[in-house]
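Working notes, structure below.
Labels for the chains are A, B, C and D, by order of writing; each one numbers its residues from 1.
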Amino acid sequence: MQELIHSLTVAPFMEMGQYPDFLIQVVWEGFVAGILYALIALGFVLIYKASGVFNFAQGIMVVFSALVLIGLHEAGMPAWIALIATIGVMGILAMGIERFVLRKLVNQHDAILLMATIGLTLVLKGAGQLFFGGETKSMISDELGFSSGAYDWEVFDGLVIFQHIDIAAAVIAVLMVIALSLFFSKTRIGRALRAVADDHQAALSVGISLNQIWAIVWFASGIVALVTGIMWGARSDVSFALEIIALKALAVLILGGFTSIAGAIVGGLLVGIGEKLFEVYWGPIFGGGVEAWFAYVLALIFLLFRPQGLFGERIIERV
Amino acid sequence: MTVTPDVDNKAVLLSLENVTLSFGGVKAISDISFNILEGEIRAIIGPNGAGKTSMLNVINGFYHPQKGTITWRGKRRRRMKPYRAAASGIARTFQNVALFKGMTTLDNIMAGRSLKMKRGLFWQMLHVGPAREEEIANRRHVEEIIDFLEIAHIRKQPVGRLPYGLQKRVELGRAMAMQPELLLLDEPMAGMNLEEKEDMSRFILDLNSEFGTTIALIEHDMGVVMDLADRVVVLDYGQKIADGTPAEVQSSQEVIDAYLGVGH
Amino acid sequence: MTESLGSLPAYLLRNSHEFADRVAMRHKDLGIWREWNWSEVADEVRRFSIGFAALGLKRGDKVAIVGSNRPKLYWAFPAIQSCEAIPVPVYADSVAEEMQFVLEHAGARFAVCQDQEQVDKLLSIQDRLPDLEAIVYDEPRGMREYDPEKVVAITRVQELGDEIIQRDKDVVQRWSDAVGELKIDDMCVILYTSGTTGRPKGVMLSSRNLIQTSINANAFDNLDHTEETIAYLPLAWVGDHVFSYTQSLVAGYSVCCPESLDTVTVNRREIAPTYFFAPPRVFEGLLTSIMVNMEDAGRVKRWMFHHFIKVANKSGERILNKESVNPFSRLHYKLGDWFVYGPLKNRLGMSKVRVAYTAGEAIGPDIFRFYRSLGINLKQLYGQTEASVYITAQPDGQIDADTVGTPSPEVELRIEDNGEVMYRSPGVFMGYYKNDLATADTKTPDGWVHTGDAGFVDDAGHLRIIDRAKDVGKLNDGGMFPPKYIENKLKFFPNIKEVVAFGDGRDYVSVFINIDLTAVANWAERNNIVYASYQELAGHPEVYQQMEEHVRHVNKDLASEARVASAQIKRFLVLHKELDADDGELTRTLKVRRKFVNERYAELIEALYSDKTEQFVSTEVVFEDGKTGRIDATVKLATVELEPVREELKQAS
Amino acid sequence: MFYREAGQYKTSYAADQALLPLAQDRYGIAIVLFTAFVLIPFFGTSFFLVSIMIPFLIYSLAAVGLNILTGYAGQLSLGTGAFMGVGAYACYKLTTYFPDVNIIVHILLSGVFSALVGVVFGLPSLRIKGLYLAITTLAAQFFLEWCFLRIRWLYNYNDSGAIEVPNRDWFGITVTGAEASPVARYFLILTVVAVMTLIAANVLRGRIGRGWMMIRDMDIAAELMGIRPLRAKLSAFAFSSYYCGVAGALMVFCWLGSAEVESFDINHSFLILFMVIIGGMGSLTGCFLGAAFIHVLPVVMRAVPSMLGWDILASTVEHITQIVIGLLIIFFLIVEPHGFARLWQVAKEKLRTWPFPYAT
C-alpha cells in the first residue's frame, strides 16, 4: 500500500528531477499535441460562438479535409494546387451545410442541432471512406514544403529533439490564432461575427445575413480543420482513428469554455501537456494507455468543481 | 421593526424577519419582515423589480437569504432545498407558466402528487398491488381537482398546446395536488382576459374557503388584489413600504408615491 | 298488449328484480364512467325517498327539480313519486324570474338542485316563494356555508333514510307496499312547456299517460333492456323525460349522463348509444362541423370523402330501407362504409345507433338524408308534451324527409277543416295545472287535442306538417302564407341560421335572415374577407349576394307548388344581430318569439314594405354578464325578382 | 380509420390508465407478440433469426435503456456502449465464478453491475447539464474501454483479450455459446426483451417515471414539487444502465459468442443513440422502430446490390450505408425531430380521427 502511494506521489517527481531533459521532451510533445487539440477546439468555438451549434463534426472535418488534400494530390494535382482546391472543397461544404442543414434547423433546440452534426459526421465519414478509401494514408508534408528533419538541443546532459514539423505546427498555430484575432477585430465580417454571438439584430445591421455568417464560420472552421489535418497528418498518419482522438477537443472545451478562443488554447495545452505527463510518469502504474481517458476524467473532475469552465461566469438560475 | 400582530387570533404560519438577499452585491431584498397567517390570502404587490418573485423564491427555498430568519410553523427554518420546502407543505406556481410540457394535463397534476406517492421500485415495475392502488387513489384526488377547476375537457391533452389561460389553471391544479399548507402564486392572472381572471379569482377564493389553504400571491391587477386579499404587503426596490389590509395599504402615501412616482 | 304496472316506481322495483345486475345508469364523473345496476338504483331511490319523507314530503306536494342530467336528479323522480308527491322539472338555464314563475305556480314545497349555482338562484328569489321550505342539492362544492336546515345534501337525505331503515326494518316493506298501491291514473309529473307566447303552462301527466306511451314506443321500435342511451337534453323537456326516464324504466335500458355539456360529443363516442334523440339543430350543427372539418383535410381524403358521400347519396338510403340494390352499388357502398361512413359514425359516436329520432322542428331534407345515407336509422317523429311525446313516428323502412310518419300505436288522428291536426291517445294529458281555461281550449271533452299545427295526411298515410295553424296567414291577394314553411326552406342552407318571414295581410312576402356565424366566418376566412364584427359580416355585399341566391332558389321551389306559389319572397334583409334568447327574441328552446320580434323590429318590417334601400335601427341588448346596452345599425334591404309561375299551376290554384 | 373507438368506455381508473386503453392497440400488440413468439420461430430461417431478429431485439433493449435516460429523464449520454460492456464482462466473470448457476440469473444480475457503474458516472449529472453531461459520459466511455483492455482479470487473462462464451443450458436446452440453436437463443432474448419492456413501460407510467419526466421537462418546477433531483437522475442512470448492461450481456452471450473491447466502443454508443433519435426520444415503441431501421437498413442495403446483380464491394456498400444513415438522421431532424415514434403517433392520431384531419 505504502509502495503504491509512493509510486503515485513521490516517484514520478523524482524521475522528473532526475532526467530533466526527458521531462522537457515530454512537455514539448504534450505541448504540440495540445496545440492540435486547441486547433480542433478552436474550430468548435468559432461555430459555437456564431451560431450556437455544438459541432460534433469538427473532428471528422479534420480527417476529411486531410483526405481530400491527399486524394487530390494522388489524383495528380500539384501539392499547392491541391491545397487551394481543398480550401475550395471546404468552402463548398460549408455552404452546403448552411444551405441544407442549418437553414432548415434554425430555431431548433441545441440538442437537435448537436445531433444533426452527429449525422453530418456519419455522412463525412462515409463519403471520406467511399472516395478515398478507409486505409491509413500519409500526409504529403514534403510536397507542401515541410522539412522532415529535427533540431537537437543538448541540455542537462541529455538531448531534446524538436521535430521541424512540430515547430512548424506551433508557429502555424500561433499565426493562425493571430490571423483569426485580427480577422475578428479588424474586418467588417469579423466584427459582425462577434456581434452575432451577442445579438442577432446587431449583426444584421452590419448588413450581413445570418445565413452568410453561418457559411463563413463553417468555412473558417473548415480551414482550421484543414490546417489541423495537415499538421496532424504530418506528425503521424491520416486515419479515421483521428476522429476519436478529436473528441478530446470536447474535454478541452469544458476546461476552456465554449465561447473563448483563449480558453480553447489554454485548455488544449493543459490537456495536451497534462495527458503526456500523466501517461509517461503515472501511466505505467495503471498499465498504460491512460491517454485515452485522461482528458475526459480531467474535464469531469474539473466540472464538478467549476461547472462554468475556466473563463465562464457563474450563472444565477432564475425562476 | 414590529411584526404585524395576529389578526383574529389566527396562528402565524410563516414569518420572515429581517431577511436580506443579494446577488453579487445587488440587494434584491433588504431587511424585510412580514408574516403570513394560517388561512389568509396574503398579497405581495409592488412595481416591477421590487423583489416580489425573489421573496417567493426565498420562501420556497430556492434562494437562500444572507441575513434574517425564516420561521415556519413556529420553528426556525434552516437553509433548505426546495424539495424540502415542498415536503414541508409549500407549493407554488410560476410567473411564466412552468408546466411539464411533454405531459398531459392529467399527468401534470399527477406530478403534483409526487410527494404523496411512496411505493418502491418493485411494485412500480409490476404496476400491480400497492403501486396501482396508490396510483388510483391519487388519480381520484387529481380528478377532484380537475372537477374543481373545470378542466375535464382537456384532461388528456398535452399541456403545451393549451391556451395560456388554461395552462395557468392546470398549473394551479398541479400546485393544489400537493395539498399544500401554503400556496404561493406568482402572478396567477397575468395575461388573462377579464373572464379568465374572474374564473381564477373564484378558484382562489374557493380554494381558500373550501380547503382552508393559506395563499400568498403576487398580482399586478390592483382590483383583483383588493377583492381577494385579506392583507397586503407592498415592496419597492426590495424594501417593505407598507403592510396591512387592502384599504390601509391603498390609502398609504408611500404606496401611492411608489406607484405613481415610478410611473408604473 | 302488455299488462302495465301501476306506477313508474313500480317499474323500478320490477327492474331491480328482473334486471338486477344490468346497468341502469352511468355517469362520467371524475374521469370514469360510474355505473349503477338496477338493484343499486332501486336502493338509492328507496333511501332517498324514505329520507325525503322524513324531511316532510307528503302526498300531493310539488317538488321542483333543477339541474342538468345527473343520476341523482333522475333518481329524484321516482323518489318523489313513490311518496305520492309530484316532481316538477324546471329548465336549469332559465333565469331566476322564469324559475320563480314555475315554482310559484306549481307551489313547490321542496326543490332538488344540482349545484351551488342553482341553489343560489333559488335563494335569490326565496322571498317570493313562500311555499318553498327546503332545498336539496347534489354537488357539495361551495355549499359549506348554507343553513343546514334549509339546504340539505341529497347524500344527507339518503343517510336520513338509512337511519330510519336501521331503526325500523319494516319501513322498507311499507315503502314497497306504498309503491305498489300508487294509482295509475294519478298525476305523476308536471312538465312546464316553455310556450312560444305567454307564460309557461304546466302539463299534468298521469302514470298511465307515460307508461302506456312508453310501452307503445318501445314496442314500435323494438327497444328492450339492451339499449344504451345518452341523456343530455334538458330534464324539464318532455322528450328527455320520456326517452331517459319513463321508456328506460319500462324497457329496462341504461341511461348515460355525460360529464358536462362540453364533453357530450366525446362522451357519446365513448358510450356509442343504440337509441339516440337529437333536435334538428344538433344534426345540422354536426353536419356543418363535419363539412368544415373536411375542408381542412388533405386533397385525397377530401376527394374520397365527397366521392363516397355521393355514393351514399345514391344507394345508402335504399340499402338502409332494405330495398333491392345492384351488387356493384352494394360493393361500392361497402367500400365507402369501410373508408368513410364507418369512421364517420365512429367519430360521431353513432356506430351502434339502431334508432335515432329527430323532432321538434322540420329537419332539412338534405341533412336528414345525409345521416340516413350513412346507414344511421334516423327517423322523424311528431309529438307534444300534451301527448306524452308520441303522435306520429316513421316506421322503419317508410321514411320520407318531408313527412313525420304514421300515427303511433293507439293514436287516432284527424284533420280539422282549417287544416289543424288533432289527435287522441292514451298519452293525452290530464290538463294544464291550475289553468282550466287553457285546458278547455286545447282538449275537447271527448279527449281530442288541438295540436295547433296545420298539416295533412298524404296518400301513403303519413302526416305532413306545414306550419302552426294560427300562423298560416293570407296575403292581400288571397294567397296562402305559411311562414314557417318558407323559413324552413331558407334555414336548410347551412349559412343561414334563423329566418323570420312576414306576409300576413301584406302585398308580398319578405324575410329577416340571420346568418350562421360559424359557416359564414369560415367562408370569409377562406376567401380573405376581412370583417370586424358580426354586424359588418352580416352586412357584407357578398353575403347579401349569397343570400339573394338562396332566396331565388326558394322562390323557384315555391313557384312549383300550387298552394304556396304566391308566397314567394320579394324583399329580404340580413339582421345585424343574432336573435338571442337572452334578449327575449328566442324561447329557451331557441324558437323565434314571433310577436316580440314583430314589435321590436317594427321599423325594419315597415321598411321592407316601402321602397327604402336601407333603414337605421337601434336595439337594446342584454350582454352575457347581465348588463344591457344598445346596438345601432343601418341595415340594407334587398329586393328579389319573383319566379314566373306556370299557367297551369295558377289555374289549379 | 381502423380505430373504431365508439363504445369503448372505462368504468375504472385501472382500465383508464391501462397501458393500452384502446382495444385496437391491444389486438395490434397481440398480433405482434403472436408473430414474434410463434410465426417467426416457426417460419424464420436461421439467417433471419441470427442476422436480423436477434441483433434487432438486443439493440432494441439497449435503445430502451438509453431512451429511459435520454428520452425520458433528459440526460444525454454517449456512453451506452461502455455500459453494455460492463454488463457483458460482469456476466462473463459471473459464469466463471459460478458456473453452476443458471445463465438467466447471470444475465439479469450482470445488469446490476452496469447499474452501479452507471450511478457512479451519473453523479456529476447533479451539477452538470446538457452537453456538458454528454462529455462526462464520454469520460465513462473511454475510461471503461481502457478498463476492458487493460484489466486482464476481466477476460480471465487470456491472450486474445477476448471473452469466450461457454455453452449453458436452461431447462435442458442450450441457450448460450456456440452450440445453442438460433431458435433457443431467439426465445431467450425475446422473452427477456418483452418482459423488460413491459417493466419499463410500467415504471415509466408510475411515480418514478413521472419523476424523470418532470426533471426532463422543467427541473426547477420538479424540485419544487418535491422531486429530489439527485435521486431522480441517479435512479434514471441506474435503471438505464441496467437495461444497457443486460443488453450487453445478451449481445455477447446470445449473439456474438465472443467479444473484445471493440464490441463496446464509442461507435456502438453512437449506433444506439442513432436508434433512439431516429426511433423517437421518449417513446418505447420508437426504440424498436429505431433499432429495426438502423439495424435492418444496412442488412437490406448489403443484400440489394447482389440481388440486382451489381458487383459492388462490400466496403463500398457499407460506406454508402453510412452516408445514407447520416443523411436520414439530418432529414429526420429537419422533418420530424421526434422520430418514427412521432410519425407513428401522428399516423395513429390520423387513423383515430379519420376521416377528419384532426380531433374535434
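Here, a contact is a pair of C-beta atoms (placed from the backbone, for glycine too) under 8 Å apart; a residue touches a chain by one contact, two chains touch by 3 or more.
These numbers were taken from a predicted model, which means no experiment stands behind them.
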Give the fewest steps needed to get from chain B to chain C, where each step moves from one chain to a chain it touches. 1
Find the chain most remote from chain A, comparing centres computed as mean CA coordinates. C
Per the contact rule at the top, check every chain pair and give me the one with the most C-beta pairs in contact. A-D
For chain C and chain D, what's the span in angstrom between their mean Cα positions? 57
Centre distance in Å when chain B and chain D are each reduced to the mean of their C-alpha atoms: 41
Per the C-alpha centroid definition, the whole-Å distance linking chain A and chain B comes out as 49
Chain centres from averaged Cα atoms put chain A and chain D apart, in whole Å, by 33
Residues of chain D whose C-beta touches two or more other chains: 12-13, 220
For chain C, residues that touch 2 or more chains besides their own: 31-32
Mind pulling the chain B residues that touch 2 or more other chains? 62, 94, 98, 139-140
Mind listing the chain D positions that touch chain C in their complex? 1, 3-13, 15-16, 353-358, 360
Chain D residues within the chain A interface of the complex: 76, 124, 127-128, 130-132, 134-136, 138-139, 142-143, 145-146, 149-151, 220, 266, 270, 273-274, 277, 315-316, 319-330, 333-334, 337
If you look only at chain C, which of its residues touch chain B in the complex? 29-32, 141-142, 144-145, 259-260, 262-263, 266
For a test of understanding, state which residues of chain B touch chain D in their complex under the given definition. 60, 62, 81-83, 85-87, 91-92, 94, 98-103, 107, 110-112, 114-115, 117, 119, 121, 124-127, 131-132, 134-136, 139-140, 174, 178
Going by the contact rule at the top, pick out the chain D residues touching chain B in the complex. 12-14, 17, 199, 202-203, 205-211, 213-214, 216-218, 220-229, 235, 282
